[in-house]
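Next come two complexes, and both contain chain A; in the first it sits with chain B, in the second with chain C.
On to the complex of A and B.
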């Protein structure tokens, strides 16, 4: 039915698409970032943000501010917007919106499990969790001792349950295990989300498959780089790559055998879209890679708004807002620690 | 300037404030630093100066008074905190007017800080107490409910025991006693110690809680739950939630650890509990005693807090106003630019000329009040910028001016259609809404608003109500006029009355029941005012009224359009634009009047002479075959010659409108540029500078002939076609008036009279109710709206496009009175 969304899309999705486009126009602009980068104190940041859409969320904060408060309040705004949209959404958009949060859910599960492993206080860990990835029994995760228990006790009730099928082992949890679990879950999640988008079809499928493929490829690169020098076998490594994306399947075969970052680079440079990313960074460097990937992602997300009548705008908006909050966090952190020269290191301009 | 004064009324009559917007000037103030705050504050009280932002390139926190604004923001936050606390405690800020004591800003800041700290402390203490109190309450509940479990379990057990014993005695079986013996005498060392945990869990989580417990311990638990009938305050969040009391029985240390963790994860509060009955009673008593104790402590704490809040509430409004004022003052100060010496602030802004004295006086007062050695300097700047438009309106004219402003704010000092709108708007409305019964209803409603004006203006109204209230004087005028036109139409809820004497007509003989116009003869003098009541219900009522209203609409339309054209003359005269007078105003006037002015003349002649000439025919054949004889359609001698002359004039005036103006503008432009070139050759350095400045401001208005010509072409076409279509557009006056009277007569005859005809009280009552609702809903609300909209359109499009540019911007002075309105 590609091309015919225009006829029926607005019946259910029109209102929310308008809402999300309205939200998007509230994103901070380059001028805002310029002003924010000139701030001297966190109060200046608050003052500047009070003129933006974050205003109502920050205005009742007493004056000695902390970076965490700013980030928390900004996230609160995102969560409120998300909840509003979810309330208004009908199928299949509501499922689509729920899919967006599963990534956070996986991160939260991993956070709690790792935290308990290192004997942190559960309450403290809960505060660190992303509010979008919360579910009812999340705190109970602390009880679990191994993967099987984790699944049987808690996760069977959550939407993540089906993703677990590949990583149920009775081994005790340790750091490596957890990291593998995170990546396996993420892989299953991305594949599921990809399939779901294909099922929706139309422009949504087209744009989302592009965005998700990018996400999958980025994860593949990150997994490869992070696993260099660990005891992870090649087969294990291959198992963690998602089974779609630009690199699938031939790129994966090459990534599996990579032993250092320059080899990764060699593999990636064969793919034109990623050539530009790697052209920006010098040989042997992996620090700036994250930023380069983020910049590329933001560019792609912004492009999603160029088309109408599809759901990818919701995904793009949530991602952009998260990037914006990351930017704010970095700026605030730099301002708070008097490291203003480093402000531009990690800020990804959205417009 | 002298010329200006002459034009503004010439001294003989008061200046027409509403016709031309106030004369404005760009002023520059140089204010010494030490008196800046006070000066701005006084100017805010005065409210006649619109400051220009001289620092627009700076971000808000780089401006000179950013810290003060931050302080204000902080204070505003504290005040919001107080307000929140007050609403929580159910104390409203007292509205009683306080003596305007002067409160120092810095003192207030300290005071607010102190009060906040005190409040926060009291609150935390209270919270702590409240928490313990709630915990105790929960504990109490657990004790009661869990006690019940144990009690019922015990009684069950004893009953069972007794049963078994009874059986034992009765049966005397060999096997059973042995078994019991075995059970009873199990080795105490092997016996698993059964532990239990009791507490409260949220009701909605209880299912999941149970499930997780079951899974975690592989079913080796025994859980009992009991609902609490009323919501319990949760000690941690302080919110009322529905909860369940639970008791979990388990065996083993490991299970205990798990259960404790799960309890923690579910936010279930655990409380110690003993299975010994005596101890239970003891703890219950203890808890009850402590609850009583805590209750009194909490009450004292609350009382203390309420006292603090009450003290705040007396001064809350005062403080709030002060903080808002301070904030706006600093915002304004941020718009001023700092002098190089950093000792003065330079302000620029627009002010009306008449307020010069007041502003200077305020500046002087501020200088003396703040003991400044130097006063502020006030000087008028000359500029080519367009000044803002400012009309001094009162509560009556505001709404009408708003109708005009909704279309576009008048260009600086151009003729303001608002003046005429005050009368023409309600009048055109009334032409469409002519029924004095409905008019009276509307008048009564709007008078109610006007009488309660003072009370209503101070309180918050709903969206629709606010709009109605804002336009109350418009509605009043509309209703008065519709009473007037209703009397002319002779309709009172569509019923005619013989108010101004008996009807002029009567039946020729007694048999004329069918009431055609032929059956009636004129027996008296013409009915003195409005439509003769006898017309109503006759077969020829509609043709007669239609002809009357249609012709009247044309007359009104042509009159209003002519007024618009004349206003364009006044504008041209005022701005000394002769080209517009001779090549726009004159041909336009000739064109409109040679066609539709002539039609109006014919209508009047026809009315006066009672001729039966067909005006459509006359108008149409005036164009199609102007040389033909008029025949029986001739109204007056020489009509044909007149028509030929008028037609020729109309045809001439079209190119007259189109061609000369662009060429003349081009010539004017060239002349101006030549002059400049000469001046530059002869001038000294000083003049050169001046000329350069002049040139600079001219540069952007580069003359593009083709553009000007196309613009004029469009303008001409629009006017020529518009003359026809606008005149036709005024026929809506007739159409809506017809619709209104037909609708109201339908409601009257088909509802009220029909119900009356049944001679049944119940039906009559139903009929009256339906009639009232139809009248109010359809005629008074919907018809008012539609007639309002049509009147609006006639003003915006048909009237204002003849002269109104409406590309100005509104004067928005810095004023404290605006501040309080903004907030709400």
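On to the complex of A and C.
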């Protein structure tokens, strides 16, 4: 039960909530996207972005620009804002903000391990890591031969340590084991984040439950679709689904046996929130499913700002910025490849 | 071309043959240009699908930093057969796709398809031994497909194996990009063969024109 946050929230969280709401007003609008979609070259995109909050980050980049440069600089802006908020935050907000980055940490761990398996240079891999997911001993991951060593040598001192209990084996790391490790870690992280938000309680618990449940359900659908036609068994697939969300547990039981996209549709259409998502795509087609999920996610994230005195605004802001960076990446790729007619395939307007 | 027109105008003895050669040359040239446009379109589609996969899966999952640098045999090779007996037909290119590194067998390609059908029917007992790779499956239909793998299943496994550098669970968009680049590879080999035909038709035309000019 909540209702008294108004009396105490601003003591520790008022400044940062004001900061994040200010950052939110700097998100690109539909007018900005319309201008960007009409650009002919990446330099035109840079020129249009110079009038936005990304201007200072791109102004010194020399021509010719690359799409990876635009994404890198926009991500740097997000990282700077996040670090400013983190250093100003007190408990439990600081822990909440750290939770937001654990997903990137998992991605970085898997990137280093996979790249090492493929005999890539560690420095090259570190440059590709997401800056929000960096930690001190990340480079040491390259020496581990199996998950037990990964845990013992490196990850035991990181926030991901508690998530490893479900996937520690002495099996050598190969592509399928790494994929199972990635999804098992992410499942444990989502469940832990969910419990943490429930412990905070109030509006944070209510709004974050909805957002994390949606994330868990979307991951279940993506795991199902991506594992169709692979060697992943049904038991392994079931183990990768989270233990919460609208689809838990009956939807998961039905998703486990799906062998094609139409069967997945049949399962998801039984749930009204997801019926609207699958209504946007035609039968047998899954290309537009990502965009449909992103649109639904953006709608829910924007609604988080309608209430005050909770931490979900920080999570929502980070996710909206990441969506914005994905939009900019897609627009840049379409412009660079001279495929402007396809630019609206994947751009999700936020406002 | 001007020499061939002159020889036609002169009504030389080989005029009809020359017309046939000219038409043959123009036909092959037209086919070459059409195929070139088709290749360009397929490659554009492939690159956009790759960007779409990167958008969907994330830049850290679809990145050149993940490509495997270990020494491994190529899953697809191109064979070149030189012209025999000095015939002016030029070299012939053959694409051998999805060669299994374990057995050195080709599972797809211009010359491999008929051989493949024979091999798959004769080696089903041998293939059944591969069923231990997939874990116990309660569904009868899946168990049946494991015990009787088809050619398509083997090719699909090879395709999945080549995509595994990006992870075991990849987006359908990445598979679509793989399909586009596979089609582009076939088109390139077809283009090479067609170019060889165009050049040989042109050289025959030039020889005929030279003969006509010489006799006249």
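By definition in this document, the second predicted complex is superposed on the first by the 350 of 351 C-alpha atoms of A that agree within 3 Å, B and C clash if a C-alpha of one lies under 4 Å from a C-alpha of the other, contacts with A are read in each partner's own complex, and residues count from 1 in each chain.
Quick note on the criterion: a residue touches a chain if its C-beta (ideal position, glycine included) is under 8 Å from a C-beta of that chain, and two chains touch if they have at least 3 such contacts.
Just so you know, these numbers come straight off a predicted model, no measurement behind them.
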item: Partner, of chain C and chain B, that touches more residues belonging to chain A; value: C
item: First (chain B), second (chain C), both or neither touched by A:275; value: neither
item: Contacts of A:8 with chain B and chain C, given as first, second, both or neither; value: neither
item: Partner chain(s) touched by A:90 [first = chain B, second = chain C, both, neither]; value: neither
item: Touching partner for A:165 - first (chain B), second (chain C), both, neither; value: neither
item: Contacts of A:233 with chain B and chain C, given as first, second, both or neither; value: second
item: Partner chain(s) touched by A:51 [first = chain B, second = chain C, both, neither]; value: first
item: First (chain B), second (chain C), both or neither touched by A:137; value: first
item: Touching partner for A:118 - first (chain B), second (chain C), both, neither; value: second
item: Chain B and chain C contact sites that coincide on chain A, given as residue numbers; value: none
item: Residues of chain A defined as touching chain B within the complex; value: 35, 38-40, 43-44, 47-48, 50-51, 59-63, 122, 136-137, 139-143, 152-154, 157
item: Residues of chain C that touch chain A when the two form their complex; value: 44, 47-48, 51-52, 54-56, 58-61, 63, 65-70, 133-138, 156, 160, 164-165, 167-173, 176
item: Residue numbers on chain A that touch chain C, as the complex places them; value: 68, 71, 107-108, 110-111, 114-115, 118-120, 124-125, 127-130, 175-176, 178-180, 182-183, 222-223, 225-227, 229-235, 286-287, 290, 326, 329-330, 333-334, 337, 339, 342, 345-346
item: Touching residues on chain B, where the partner in the complex is chain A; value: 59-62, 66, 69-70, 73-74, 77, 80-81, 205, 208, 211-212, 215-216, 258, 261-262, 264-267
